[in-house]
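Worksheet: one structure, shown below.
Every chain is named by a letter (A, B and C) in the order it is written, and numbering of its residues begins at 1.
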Amino acid sequence: MLDFLGVFAFAISGGLVGVRRRFDVFGILVLALVTALGGGVVRDLLLGITPPTNLTNLPYMATSVVAGLIAFRFSGSLERVRRFILLADAAGLGAFAISATMIAIQHGHPGIEAILVGTITAIGGGMMRDVFAGLVPSVLTQDVYALPALFGCMATDLCVRLGVFNTVALWTLVALVFGVRVLALRFHWQVPKPKRLTRDEPTQ
Amino acid sequence: MLDFLGVFAFAISGGLVGVRRRFDVFGILVLALVTALGGGVVRDLLLGITPPTNLTNLPYMATSVVAGLIAFRFSGSLERVRRFILLADAAGLGAFAISATMIAIQHGHPGIEAILVGTITAIGGGMMRDVFAGLVPSVLTQDVYALPALFGCMATDLCVRLGVFNTVALWTLVALVFGVRVLALRFHWQVPKPKRLTRDEPTQ
Amino acid sequence: MLDFLGVFAFAISGGLVGVRRRFDVFGILVLALVTALGGGVVRDLLLGITPPTNLTNLPYMATSVVAGLIAFRFSGSLERVRRFILLADAAGLGAFAISATMIAIQHGHPGIEAILVGTITAIGGGMMRDVFAGLVPSVLTQDVYALPALFGCMATDLCVRLGVFNTVALWTLVALVFGVRVLALRFHWQVPKPKRLTRDEPTQ
């Protein structure tokens, strides 16, 4: 269920980035599939699960294609597309962070490994999307992006250790990652930037 | 034999992209090697074959370097370079799609896994080439690119299931993928693009 | 020790690229971590070591974060930042080339495999850094980059075969790779570039 939400949300975000970049329908579908399934493929490679389970999961692929077609049919203003990309991306970030942390723990890698595999899975699909679309990944340019995912993965690992992890905890954690990310977007939470560099005068 | 064709064709395409971007001879050779061997490395990682066989295959590396040097010596007009890139890329696409599907089946992963590993291998080298050269991957921007590879991989899997896969079938399939891709290029087969987005008026 | 030097040097180079691109402090830290640990993750995936050891190595992560913060605090002229990026990158290149070759040999893959895994690890972190920052990787555009790493890996493999590999040999090899790279930068060693392509006249 949780993974389905992540797949759908990331496929929508990937498809919409394709729309924004004016790719054709095939390019949009490929970008939707890469965004939705890429993070999980990286997760399985890191955990040594080969072939990656996402490559045999027809329901996930069908979901990605449907989401890509929905994005393709999407019409509206550039600004609306940008907002929907950010919202869908935030939902995928939350869903994949918690789900990948759980999968890593189930495969016998709790603690720091689960937390990092979770974070990398959550940000991986979006990074692939942006790199393939010729953009700098959101995680590098947008304030407060990787941090909510990292904290969500840490909280998941902690809940499992304390034995209080259940369906309610799971959805609360997903909602928290999503919520913090959306609040950061809404209120433009700023983190410090480096001082502006001076440009050298050319020597004469 | 088949893999050699793919390695040579993709190395030529990688080298020519380097020529087009005016990289020096080392950059051209690195890009030729990445394009020719990158797809196979991804294939082996997906199938759990480590270290990837391409990293121990000296004949493939020598072939890539020779192809890279041929590309480096290539002179002519930008338009001719662009055409040769597209042709070499189409040959590599066909060769790798069929060969990687067969390798996946031989390693005990027929069906959907073989088809997807084949498609990813076929488009992977070219994606790496374009990303490293600072271009948006062909698969996202060029009409009818991933589709011939996908159908070629499906046909290969089907032939193996029906027990009719032999050398004639193999080369027919490679020629079909190559032919469909070249026809798509020649006749500018178009697939739908998303509606143009309206740009919002700035609020005052 | 050697790996620590590579992690620190590459994290500095990653952080400074982030400074140059005006990422915020989180983006700078992510880019420092990716540059410092990315090459080693690729190395472990190629050798079939899962989960990659870098993901469980808290001291390396702490080193990367500290180096990223140092880069963030760095102020000065653009030209000085560029120079420091190149120097830190050369140090990382040397350290990772030798260290990854040794790790591959220890895991039972001497010879061509060790040499290629070493070279890929050495150039991998910097390639990730540049791709994620929206730049064309140094290895493709800068003269004499991959070559010193390749020769350093070959020399390491040779020393191990001859039984003359010790601490002195190790640091000499690192210093050689670093030194050749810095000399190439200092004296602008040029390798041939392809002939300039003629642009076709538009048909009328």
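Quick notes on this one:
Just so we're on the same page, a residue touches a chain if its C-beta (ideal position, glycine included) is under 8 Å from a C-beta of that chain, and two chains touch if they have at least 3 such contacts.
Only a predicted model underlies this, so the values are computations on that prediction, with no experimental measurement involved.
Although chain A and chain C share one sequence, what matters here is the overlap of their interface residues, and that overlap falls short of half of the numbers used.
The rotation relating chain B to chain C, fitted on Cα atoms, amounts to 120°, rounded to the nearest 5.
Averaging C-alpha coordinates per chain places the centre of chain A 27 Å away from that of chain C. Of all residues in chain C, those touching 2 or more other chains are 45, 48, 131, listed in ascending order. Those residues of chain A that touch chain B in the complex are listed here as 18-28, 30-31, 41, 45, 48, 50-52, 55-56, 58, 72, 74-79, 81, 131-134. Per the touch definition, chain B reaches chain A in the complex via residues 45-48, 104, 109, 112-113, 116-117, 127, 131, 135-137, 139-141, 143-147, 190-200.
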